[in-house]
């Protein structure tokens, strides 16, 4: 009985699908449950779209993406990588949160296979000397975007509210460095991720800091709490800005009364103006598969997925899959993508990554910085209250 | 500075009354049956999601979702009780595992039904600000549920100490067999107490949805908060729940104002520890005596 | 003197359970403590063994002032106690009960003595059985005495150990106690309801009523004392 | 005799059969290592729960302290990994002295006081940036070393290390519970007066068992830090280290020696290998149901239930 059970368990877990000769297996290790589930699901949608687009357009190869839920836990992420490897994955993508990406990409490095992500921004991730680690986004890109917009708007003093989580604290630290170096005044307000009432913090900002702008580094629930508190207390600031998950159509849809005039990082405006053929293909496929507008997580997922699929296909054709062909393909050229040019350096960081800043403008998400990609003028000074 | 501290204490008081709402259901079951319902936070969250569905699907006000929430949550709570009665040995510790298992099921069930997106009310009135004496700021929902919180604490206290059912419940909790001899059916009273705990969780869930942001993984931290307050209060003390909750609320908010919001948890936990070490049975707990 | 109580009072809030009691116990003595229900006998025992703290007075045992000595150290200096309701250590076997008592009560192990006690208390055949579930009441009481003996006591306090036993059981039990006294040379301080047993066994009897010591003397003397008779006829209900 | 035989079979299976069968499959070994890590905490937790009668909700405090202690010693002081794992356990044991005032609390009061400590340590790890690098955490913690040509840093190497640690933990537990101290501890919570009057110093014994439990939990944390090579406060002090261990211990039977180990292996492996295969995301739903079911159908845990099925004497079930 026990033997039969074990063998059926093994069959379930280790059963290797017989792959087509030209079907490229890509492993996707993603949090679909647990604390990072929200982000993981968004990224997963983008990767799935990338696979669909690749399979419909490549002609020569198809990819098969095998997805394993890492349950937002590092050990399970490592196990997922190893299981995907056993199932024949040629490279890995996914990952959300530097705490999970760290060990998972370590595991991939040991297996000698590429790990491609957009979900971890910690600077240290790319300082480990890994050869197979790639990411299209990093903390610097986010910090630069906020700092760039602030320069354009000529803001001189800031209250910086940030979650003490790892990635948020990292971006906040970089922002503080940039602003302090520019001789601007920054007051820090770290908060524990579990808190829900931001009135005491906002009241301090209103009465003590009196900044020209309020900057937030957190997640959706934090933004909602902060802006709600700000609407009650109405501090006399000229602008309020934040990082990821903020300037999205979804936030407008869910919290229209909070979002107007808020700045946040965004890869694309909304309603999206999909100009290039690639952008149009993406948007159509996304709508068809998920029946909604693409958000930034989906876009990143799509870009990281497609970059990886193309590199794997290239290495497969060159017969260099096992001799570092995938990472060479990723490093050797510039890639034109939905989020602009992607250039990977030796450490696997995208040196060209700079986020755009967008502003919620009556239901639209308008890109307002940098100038060359702007779709509208920034409304300034303007806050939601 | 005075404005800052005044606002901070005010925010803390409001937060405290809201915490009391969250803790009360857990405290009731814990106080009367010595059962720690680790799924309590998930019950609160479930009510919050029912309010979300009522609002987003049917355009109802979150408070109007209360009847539906009460029916579903109280029923779930009673089912938890019925499962608990099937534990034969080591009830105190096994009830932990049983309710923890149920909590996992509820969390994952909520995730499947409502997805991982964050939800909160869009009804403007709840979030509009109210200003008292030009210096104290709050949202309508906070004032509303603080008042409800105090009233509910009063009502539960009255119910337990003055009404027939409340007395029966206390009789059952102190001596089941004696209560049986007095003609009280322990099962009925215990079912009732779980149903009332469900009702309290429903009110707390509406307060949660109309003032804060909900997401499926929130339940666990709600349970912990409720549990901390219940223990701080002292077993079975209803007024203690309100006072313990306010203590935590004010301590958190003053920490944010005078120090840093990142240290809120540190201060409230230290406060909790200090109170327990000085008063090992909580603020209003009965002490055991030998003799 | 083994044990001396000097004006000991125990009060719970306003309720005085033991009031100004003084007496002493000498080595090898067999001393009975009687009195109606609620007279304070168990409280007095609790005070001597350290479960409650006297509010006034002084207790010495073998020259040690008991005031500053916590419960668990009283076993070390030679105070052994058997409870009225037997309290076997749950989850342990009979032998393990004795091992624990010996280890902590004396600070060293002596398996030979454990066997001796098992033999004396006639529990040898159940040595490896579960103490809580597999013993009859008589055996539980024997274990209660055995545990106390294992701590190497100089004085053994027995709280109504005969209650609930029928005549044969009582006789056998008294035999056990007598053997124990012979073999280990302990003094016995026993609370008992059964005046006949007390008269037959004890060399000296103390009578408590409403927390006060009202008589102290030989059984014949004490049971002739009118105040004692009054306390029993007037207050006794059981 | 049967007992020793089955022990030998289990040991042979663990040290020989598992590596031979699955040694090449990092995925399977990795999951088993995670399960054994939980098993180690579960045994340490059950030691305090069963012997001390104290249910702690805060063992993640000791896990995290052991992890950080060992990682920092290895990274900053250059201590070799194995000694620093031991040191991590010692640090956790020393830190547990801070929590001793909670020993006078009872039941849920104690449980939550320990939880409060875990939370306090987590926040301190975030705030003490100079030591812990705050929420950024520690990356690239030294791996387990290669000794005599065998790479303990590999999955299989980690498996041997954690297996040995868990077995040592069980062995320490076994030693303690068969000493008079252990017997007294087991008796203490149901029969407190009975133990007091025979001279048992309850407070000192409880304190001692707390230190040992914290030490063993810290060792598991330290091992995990060098195995996963990464730490951050939310991860190191995560409440799930405690809850998973409690679930495993009670599931397997926390009053038995091997129950916590069996519980951890079954809960974790079945969840990861079977439920996850059936239901790739949300499989914890089934796990939750399983936990509820075991409590209802086998309230003393799985091992006692199995034991009573194989043996006639139900009374023996509590002491296999």
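First chain written, first letter: the chains are A, B, C and D, and each begins at residue 1.
FYI, a residue touches a chain if its C-beta (ideal position, glycine included) is under 8 Å from a C-beta of that chain, and two chains touch if they have at least 3 such contacts.
Keep in mind that what you see is a predicted model, and the values were worked out from it rather than measured.
Engineer: Quick check for the class: compute each chain's Cα centroid; which one is farthest from the centroid of chain B?
Structural biologist: Greatest centre separation from chain B goes to chain C.
Engineer: Pick the chain whose C-alpha centre of mass, unweighted, sits closest to the average of all protein C-alpha coordinates shown.
Structural biologist: D
Engineer: Which whole number of Å gives the spacing of the CA centres of chain B and chain D?
Structural biologist: 31
Engineer: Would you mind pulling out the distance in Å between where the CA atoms of chain B average out and where those of chain C do?
Structural biologist: Once rounded, the distance between the two centres reads 50 Å.
Engineer: When the C-alpha atoms of chain A and chain B are each averaged to a single point, how far apart are the two points in Å?
Structural biologist: 36
Engineer: So, what's the distance in Å between the C-alpha centres of chain D and chain C?
Structural biologist: Roughly 44 Å separates the two chain centres.
Engineer: Which parts of chain C, given as residue numbers and ranges, touch two or more other chains?
Structural biologist: Correct list: 51.
Engineer: Chain A: which residues touch two or more other chains?
Structural biologist: Within chain A, the residues that touch at least two other chains are 33, 164, 192.
Engineer: Residue numbers in chain D touching 2 or more other chains?
Structural biologist: Within chain D, residues 123, 126, 282, 284 contact more than one other chain.
Engineer: Spell out the residues on chain D that touch chain B in their complex, using ranges where they run on.
Structural biologist: Residues 55, 101-102, 104-109, 112-113, 115-117, 119-120, 123-124, 126-127, 239, 243, 246-247, 250-251, 254, 282, 284-285, 287-296, 299-300.
Engineer: Going by the contact rule at the top, pick out the chain D residues touching chain A in the complex.
Structural biologist: Touch residues, chain D against chain A: 25-28, 30-31, 34, 37, 123, 126, 134-137, 139-140, 155, 224, 228-230, 232, 234-235, 240, 272-274, 276-278, 280-282, 284.
Engineer: Which chain B residues qualify as touching chain D in the complex?
Structural biologist: 30, 36, 83, 86-90, 92-98, 100-105, 107-109, 111-112, 220, 224, 227-228, 231, 262-263, 265-266, 269-270, 272-273, 276-277, 280-282
Engineer: Which part of chain D faces chain C closely enough to touch in the complex?
Structural biologist: Going by the criterion above, the answer is residues 180-181, 183-184, 186-187, 190-191, 193-202, 255, 315, 318.
Engineer: For chain A, which residues are in contact with chain B within the complex?
Structural biologist: By the definition above, chain A touches chain B via 33-35, 37-38, 41, 164, 189-192, 194-201, 203-204, 207-208, 220-221, 224-225, 228, 231-234, 250, 254-257.
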